[in-house]
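In what follows, chain A forms one complex with chain B and a second complex with chain C.
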Partner chain A sequence: MQTFSNGIAVGAVLFLMASGLSLLIGAMGVLDLAHGAVYMVGAYLGWTLAIGLGQPYPVAVIGAGVGAGLLGVVLERLFRRVPGMPDEQILLSFGLIYVITNVVQWVWSPIAKSPFDVSWLEGSVHVASVAIPNVRLAIAVVGFAVALVLWYVQERTRTGAIVRAGMDDANMVRALGIHLDWVVVGVFVLGSAVAGIAGAMGGLVLGASSAQAIDVLLLALVIVVVGGVGSVVGTFAASMLIGVLDAFSRSLVPGMSSVAIYALMALVLVVRPTGLSGRLAR
Partner chain B sequence: MRVPWRIRPSSGLAVGAVAVLFLSPLFLSTSQQSLVTRALIFALMAASLDIAYGHGGLPSLGHSALVGVGGYTVGILMVRHGVDSFWLGALAAMALGVVAAAIFGLLALRAKGIYFILVTFTLGQMISNLAQQWKFLKSTGVDAIVGIGMPSIGLSFEWSSASFLRFVLVVTVVAMLVIMQILRSPFGLALRGVRDNEQRMEALGYHAWWYKLAAIVVSGALGALAGALFAYHSGIITPTNVGVAASGLLVLMVVFGGSGTTYGPVVGGFVITIIGFYASELNKARAPLIVGLVFIATALALRGGLAGAVQRLVRRSRSGSTARLARAAATVDETERGRP
Partner chain C sequence: MKVKVLVAAIGVLAVMVLVGCGGGETSTTASTAASGSTETTAAETATSAQPTKASITVGVLVPQTGFAANYGPEAQQGIDMALAEMGVDSGVEVKIITADEDVLDASNTLERLKKMVETDGAQIVIGPVFGSSQQAVAPYLTQAKIPWFSFLGASKDLAGSGGTAFVWPGADQLTAGPLGDYAAKTLGYKKIATLAPDYAYGHDSITGATDTFTAAGGKVIQQQWVPLGTTDMLQYATKIDKNADALLMWLVPSDAASFVKEYRNLGVKIPLLMFLGIFDPTFQEVGDLLVGEIGLNEYNPNLDNARNTAFVQSYKAKYNAIPNQTTAFAYTVMENIIQGVQKSGGKTSVEDLRAAMNGMALDTVIGPATYSPDGIASSNRYIVKAAQAADKTYIWDPIETYENVGAPK
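Presenting the complex of A and B:
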């Protein structure tokens, strides 16, 4: 049960990270592999605001979100120049990963930050005989709240309908007189902001390190593959599955923990190549 | 006067480059020779990746894992079993490379398009994790296979940095000739056909899936050969060598040089290795920043990599001196490159 709650918390962080990536890849056809670097920047911004400057934690989370959103604007300006060119997008992504990671190491030193200590989140809630640390509870609450908002926006609003329509037939959406470009900007900024929030929230349990640019990206990619692109529900289900599976395999077979996740991905690929949600990537 | 045969300028340049590299130990220091050797090995890795990436239209972000299979194979054979024959080692490396690439391809080919990239990326990471966590792939006390010596090639002489450079050069050139022959063969033509229009090739009776799998397998076999050379040259092979960052670097080399071209990936691999080395000479801590900026600039300014830039230059000069024609040539080039 303890392990399960850990898994849910990690799953919530991964969901925040993967939801943006899934939209960028699924809806926009943009291979933004620098999304993990945005997460990392969020984690470090959260550290500076909460630990370095001693701000209350919600302020740090919002600050990290805003900072990452601004970074998203920059990324959108760059990716806009290589539309529909996977080669150049990969090159650009890796260039950005190198640059952002190195700048982060420059600013915050290459030494990793340990999980953030936030005094009012210490202690734990007792449900039946299980103690669930407040930190993990907070992460799960934020993750679930964002998931709910994203689901509502994507499935129940006009904007969401445009995004979904853009996934299926971008040209038709443009022909209807809708400025899909602005939707792309929106998804980039929102997706990056959410990744930044994920970084700040994840920092409570994972700390901040420059290796996260790749590590977190990889887990998010597995989720996108398992959950299918562009579906909030599929992404959410996959995030929880991966989070819980990761937590259990870590406690049961410590030596081979990450292999379980990739084995699950391989299984999903064989059985259902389009992922749980079944929507095809562009 | 009729010319019986004509050497293409690019082939002439390639022969010239090989000659210069063969003579390079005469004017390079030992450490520079080692750098050139490394650059040649990475050039071969990039060229092997491009069989699948550029010619097969299968953008793999996990190629280093297959390269690593070769490196780990010769490493374990030499360190644990005392097999120091290059021929045996390379054969075993390529055989296991074929097996690994076939498994890799079977899984990855379940996905298409951008999905394929994601799946290869994560499969590559899985293999690198295996290298990190599986005791069999470690020397005692370290997360790597260490103490890989120089191979014997059946002739009795002592290796020097110069002779190893020349040996690697010969292997690379032979492998390149094989690659070029494969890509020129009916198989290569069909592969590019599958890349450009899968439905049409299926309609013509080609089984596209087999061509894609074969491309990945050939790419993996030659990648494993490059990995074997890498292990001999470095004396060590680590999980980092086979990880996704390494795979990403290989993709950068291919794209930087120009994917799907004959010489682009080789030049890309060679040049990026050298740039990386001198960037870290310049400022070790800030080297990734420099390299990253080079990549960003390449992605934004140099569509189609170095090869694309050269092609545009050549067409511009051929299409006469009028600016109008030059512009027309450039537009044609852009439209030809435009993908759906």
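Presenting the complex of A and C:
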């Protein structure tokens, strides 16, 4: 049970990392591989606000989300110039990763920040023989809340319907007189803000490091492939599945733990190429 | 089509992670920036004081990016201080060139080392730091007959007939021995669990401590090896065997801080036994979680000897901070290199340096030390206890000294 609980806790972090990316790829058809860098910026902003400036942690999380959302506006303007061109989008992404990473190293130094200290989140909750650190619970709560909000917006609102329709046939949506570009900007800002919130929350257990731009992106992409692009439910299921798989593989076959999630991805690609959600991106 | 592109992107990213391209990890930038300033300082200081008797090029190969990026600037500070202090009188002109040790891909480190030696003309190398890097570069350095100084330990197998290493402050397999001995004989522990990274240094150093622990009648009941690059420590913290009297651990500083936070949050009460550069540079961030815990230090800024007192004062004056082990040992090794080159009459071959340094009585920041004929140092080890000083900072308070540790007897 302890291992399963650990996996759910890890899965919550993974969901926060991946949900914004899934939304961006699904809604816009843009391969924003700079998403990991946005997460990284969120982690450093969270550290600056909470540790550097001593602000309450919820303020730091919101600040990280706002900062990352603003960065999302800039990224959207850049990706707008290479619509429907995946090769160019990937090249642009890698350029942005290097630029953002170097700016972060310049501003915060290359030395990683250790996990953030938040006094009211110290300790753990014990349920029978299972111990769950409070920081993990906090991450899980935020992760589930974000999942719920994203699911509600995507599945139960008019805006979500436009986004889903845009994923399937953007030209038809435009033909109906809907200004899809503004929706796309909004989705980009939302996805980036979620990445910023993920960075600040993930910082509670992972700290902040300039290596996260790549490390986080790699995990997030695997989750998007396994969950299916653009699906909140699929991303959530994939995150939990991979979190639990990672926990059990580290516990039972430590030597193989680093390849377990890639083996799962390969299996999903063979059995169900569209991912758990079965949704195709445009 | 979209999924194919995503999978291709994952493949590219995986390769980037494996070859360490993330985080702007290129040797060129670091090398240029670091070598420029250091080279000028050393050369100008030496030549302005007296005619130069010897001129050497020293390559510094330590991590400058990624999760172990703290090693680079910390080592550079120590080297700068040694050059500034010795440059005037040493008669040895030192040119420093630097490159980034890629902790996650030793082949990258090897390529950067080759450039350092074959293109930039390094005659002596300081570093690399990580055991996996050391194992990867040692055959090349042996073949090229380049002496290299490991300033944070190395396997004894890389010195003597096994290679061209000079190992400071002692061999990995032996250096942590006092902690196992102290745990069994003084603390009376019977059963311990261990936690360390799953690479050469982690295994060697943990084995050094468990060998002395079991030799004194103790038993190792659990060993966890953490894959290199793992940042989420929850799995390992929750799996500690609750029957252990203590947990013997070493992790890289940022991971150690993560682990201790998880450990404390879970409410685990099993005492910790920690060794070697524990938590530098994150100790102050987690010091409150460690008060009362026992560790083993090679270097400690609170050591009571004249060399260390002067070093700490000088460091404080220059950097307004307390030096850590990485800085102190880079300082010591740079000093040792100059002393060796002075005694060898400017010769830098492995044989000449070993002959020059064999038995040389060294007065260092950790007390008296010597090098064996194989180039392995013997020096003091200190059992320390974490405490809070009067100024509210956290310190490792030395409580017992083990002498002449590090070289095979």
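The rule we apply is simple: the second predicted complex is superposed on the first by the 282 of 282 C-alpha atoms of A that agree within 3 Å, B and C clash if a C-alpha of one lies under 4 Å from a C-alpha of the other, contacts with A are read in each partner's own complex, and residues count from 1 in each chain.
Everything below uses one rule, namely that a residue touches a chain if its C-beta (ideal position, glycine included) is under 8 Å from a C-beta of that chain, and two chains touch if they have at least 3 such contacts.
In this text, all values refer to a predicted model and were calculated from it rather than measured experimentally.
For the composite obtained by overlaying on chain A, chain B and chain C cannot both be accommodated without a clash.
Shared-chain residue A:82: touches chain B; no touch with chain C.
Shared-chain residue A:164: touches no atom of chain B or chain C. When the two complexes are overlaid on their common chain A, residue A:251 makes contact with chain C while staying clear of chain B.
Of the two partners chain B and chain C, more residues of chain A are touched by C.
When the two complexes are overlaid on their common chain A, residue A:122 makes contact with chain C while staying clear of chain B. Of the two partner chains placed around the shared chain by superposition, chain B is the only one that A:92 touches, whereas chain C remains out of contact.
Legend: residue contacts after superposition of the two complexes on their common chain; A:9 is shown touching chain C, with no touch to chain B.
In the superposition on chain A, contact is made by A:134 with chain C only, not with chain B. Within the superposed three-chain model, A:112 lies in touch with chain C and out of touch with chain B [touch as defined at top]. It is stretch 240-248 of chain B, out of 168-176, 240-248 or 258-266, that runs into chain C when the two complexes are superposed.
On chain A, the surface touched by chain B in one complex and the surface touched by chain C in the other have residues 25, 29, 31, 86, 90, 97-98, 101-102, 105, 214, 218, 221-222, 224-225, 229, 258, 262, 265, 269, 273, 280-281 in common. Remark: chain C residues 2-3, 5-7, 9-10, 12-14, 16-17, 21-24, 64-67, 69-70, 72-73, 198, 224-225, 227, 231-232, 234-235, 238-239, 254, 257-258, 261-262, 264-267, 281-282, 285-286 touch chain A in the complex.
On chain B, the positions that touch chain A within their shared complex are 59, 61, 107, 110-115, 117-119, 121-123, 125-126, 129-130, 133, 244-245, 248-249, 251-252, 255-256, 259, 285-286, 288-289, 291-300, 303, 305, 339-340.
Those residues of chain A lying in contact with chain B across their complex are 25, 29, 31, 78, 81-82, 84-92, 94-99, 101-103, 105-106, 214, 218, 221-222, 224-225, 229, 255-256, 258-259, 262, 265-266, 269-270, 273, 280-282. Touching chain C in their complex are the following residues of chain A: 2-3, 6, 9-10, 13, 25, 29, 31, 33, 86, 90, 97-98, 101-102, 105, 110-112, 114-115, 117, 122-124, 126, 131, 133-136, 205-207, 209-211, 213-215, 217-218, 221-222, 224-225, 229, 247, 250-251, 254, 257-258, 262, 265, 269, 273-275, 280-281.
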